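Quick one: this structure, given as structure tokens, is what I'll be asking you about.
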Amino acid sequence: MTTPEVKSIDKEKIKDILNDKKGKMKLSLFVCAHCGLCAESCPLYRAHDRNPEYMPSYKVINSLGKLYKKIKKLDRNFLEEIKELIWKNCVLCGRCYCPLGIDIPSMIALARGVCRSQGISGVYPHSLGAPEEDFPEALSHIGVSEKE
Amino acid sequence: MIIAKVKPLEEIKDMVKDYPKVLNVGCAGCTAVCLAGGQKEVDTLNTQLNSSFKADKVSFQVDGFTVERQCEMQFLAELDKIAGQYNAFLSMGCGAGVQFLAERFPRIPVFPAVNTSFVGVNKDIGWYEERCSSCGDCVLGITGGICPVTMCAKGLFNGPCGGPEDGHCEVDKDIPCAWVNIYERLKEQGRLENILKIFPARDWQNQIQGKIILEPYKKRYIK
Amino acid sequence: MKSGSNLEKILSQGKFAVTGELGPPQGSDINIIKEKSKHLRGMVDAVNITDNQTAVIRMSSWAAAIVAIQEGLEPNYQMVCRDRNRLAMQSDILGAYALGIRDMLCLSGDHQIFGNHPYAKKVFDIDSMQLISMVKKMRDEGKFLNGDDIVEPPKMFIGAAANPFGDPYDFRVFRLAKKIEAGADFIQTQCIYNMDIFRNWVKQANDMGLTEKVYILAGVTPMKGVGMARYMQKNVPGLDVPDWLIKRLRGVEKKKQASEGIKICCEQIEEFKEMKGIAGVHIMAIEWEQRVPEIAEQAKLLPRPKV
Amino acid sequence: MYDFIRGPLMWAALVIFVGGLIFRIIQMFQLSKKKERIFFTSTSSGEEQRGGDYSPEERKLRWLVSFSNSIMGNYPILTIITTIFHICLFITPVFLLGHNLFLYESWKIKFFSLPESLTDIMTIIFLLCAIFFILRRIIVPRLRAISSFNDFLLLFITIAPFLTGYLAYHQCFFNYKTMLTLHILAGEIMLMAITFTKLGHIIFFFFTRFHISSEYSLIPGSRVW
């Protein structure tokens, strides 16, 4: 539902939110060994035929990781991009396992906090204005065909 | 999902009229899914409050902040930075969220903006129906997946009572009789004997405030 | 006069009232009630008939009350909010009044987890405060809770309980004020052992002018022995049994502890007679009714005034 | 060059290594705070507190459940190889005869050393495991999706000391002296890399899995982020 001309985003506010928890988040991103062991613990990963985009570390690296990296040149399109990753691919159930004990849910929550501060937030398939075609795809994995 | 419904605007206005600066805390969990307390509803309520109070010439300002879930302290912690600037909170989370928010900020009055109604299902956009009253002792396995405690108006365990006509409850013709449906479904599944024997009086579990500490974590919290 | 009951007459004439307590049996044997009534006749102005005390099933309070009437006692019909919803309560009040019961005590009732059916579904449709105002509305306005008119409204003399020892202490007197505003005519307190807290509570009630608006009866329970005292200290909710009492009971050998308990109880009654704002005493000698005559005698409460 | 890496660079590497570890520890303690513990005395509402007295079948079931939920249950091969990899990674350099001789020569500290044939085999096993990791990072789709150049670079940084050490010991390619220089250089780079790269998980693992109280903490953690 983005408006035609791309609204600018309040970079200062984003910086505040990110810097507030910079220590812990940067350390976690830094120490992640990219070992891929968090995958199996994510219900959506398994429910989407182990598609790498549903792996917790993938979601974190491509949302919060990029937010910290591109903190200078952020724009609304980028936030729209990661919106899919941290809302559609993740329900923040908080069960991701990391052998090193990295707190993955708090990282996804921070990325969501940043988006939400700019008015961008996940649209549930069931709320008004949700693209209908979004919905059948989410049910395909459990064998519910279109007509049912 | 927990289903809630926004309180009437007048009732909310009446609660917060004496507080010049209010923070409206939204919840992106259940109340967002049932279109009662998500970020969009927070913005809608804020606009209504601001314009209505301006019309009444009352100095009032409400800001919005939607946290991930109000039932987890780590997400309520996000409010610590800004909580001090407000005289009161409005919370659009479910009853549990409102109380957890109040626990975290005991000196700031917290007002509920939604009425938590039931544990239910999304029949369609904006249409929600109760399915579970969390009685703590589930018998759905016996009644073919239809809950006698919730779906039967009298909560009978050896139903149906004398009241149902052509499948709907005596209370309201739009409400299907749970026990008629239980009968049909069990008959289809060939498990009718489940409701042929007498169901004994129940030990009601949800009589005091519920608390669950899972076995593997008991040693962390019970000395 | 509100209900014209014997208790109301005595209290309104400023006489020092005495009420007792009778626990119906856990069965349907009327003779047990008759037996207990024999001890209480002529010793008390009214006798509380408990309603499933501590959530343990007993013969229903109004039935035992009617038997008590037949035995020449004035029953004080207790009603708890745990077991009945507002429909059952109002119909029971009508029935009780029709059969001659004139006093009522409105209680919240102990949680069913204390009783012998811990997993029964609780009711608590209305709480004790709302029950008091409901009975008052039935009496003074002649209306049911929903506003419908009552043909021949029941005129009950409304009683309520008060626990000066419950947490938070300083709120207890305001709760008393609320009960008076709700419509309570007389108050029977929880059994008193910690006299200091009770004196303070009565003083606050006097300062707030509450004692003019309601008759307060101080509750006492004579201790049978150290065992009972320690049990009451640990298990009974909202009861403050101070240690000096247990020490004093332990000071006397086993056999004489019962009479020592009664002695303490009589000392308390003596003090209540002089205490400003106290209109009477409520002797709760549960399962010890046979000693009530001795207490009444020793505390010089006899003979009971005929009004 | 040789003297440079034996002298100042070695000290620099040690200082950066130890300093880095200490800095990380302090940083983590600063980032987290003590968890205020609320203890319940009784388990009310009828939930009885289960002691450890499980019957044999229950015990077997409990073991089966925890095994199938563990990473060993989900990724058995990877877990075994990682365990061997880490054992060789820590044991080989510390109990290597060659290292301990140098140590004795310069600081007169006598260390227990494993037989050279054993450390040799362990180095080979280590290298095979490392190759497994590299191949895995390329073949497995989910890893390819998140692997960057740094991951591969770091794998080589970790392999280099073992490879050069092995070649130096067996004196194959260049003459011994050059290979030894390369070996020492590789070792020092790896030590420093621990502070500046994700090898920092040495400390992070022990801190978070043992101190931070979470679902997966190995002991009831006493701190929280």
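A, B, C and D are the chain letters, set down in written order, and residue numbers restart from 1 in every chain.
The rule is short, and it goes like this: a residue touches a chain if its C-beta (ideal position, glycine included) is under 8 Å from a C-beta of that chain, and two chains touch if they have at least 3 such contacts.
These numbers come from a predicted model, not from an experiment.
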item: Of all other chains, the one whose Cα centre sits farthest from chain C; value: D
item: Chain pair showing more contacts of the two, A-B and A-D; value: A-D
item: Chain centre separation (chain A, chain D; CA means) in Å; value: 30
item: Intercentroid distance (Cα basis), chain C paired with chain A, Å; value: 63
item: Whole-Å separation of chain centres (CA-atom averages), chain B against chain C; value: 40
item: Per-residue overlap in chain C, given as positions that touch at least 2 other chains; value: none
item: Residues of chain B whose C-beta touches two or more other chains; value: 205, 208
item: For chain D, residues contacting two or more additional chains; value: none
item: Chain-to-chain touches, reported pairwise for every pair that qualifies; value: A-B, A-D, B-C, B-D
item: Residues of chain D touching chain A in the complex; value: 27-28, 30-31, 71, 74-75, 78, 137, 140-148, 151, 198, 200-201, 204-205, 207-209, 212, 214-217, 225
item: For the chain B and chain D complex, residues of the former touching the latter; value: 205, 208, 210-213, 215, 218-223
item: Chain B residues touching chain C - in the complex, by the definition given at the top; value: 202-205, 207-208
item: Residue numbers on chain A that touch chain D, as the complex places them; value: 23-24, 27, 30-37, 39-40, 50, 52-53, 55, 57-58, 61, 95, 97-103, 106
item: Complex interface listing, chain A residues touching chain B; value: 20, 92, 106, 109, 112-113, 116, 119, 121-122, 124, 126-128
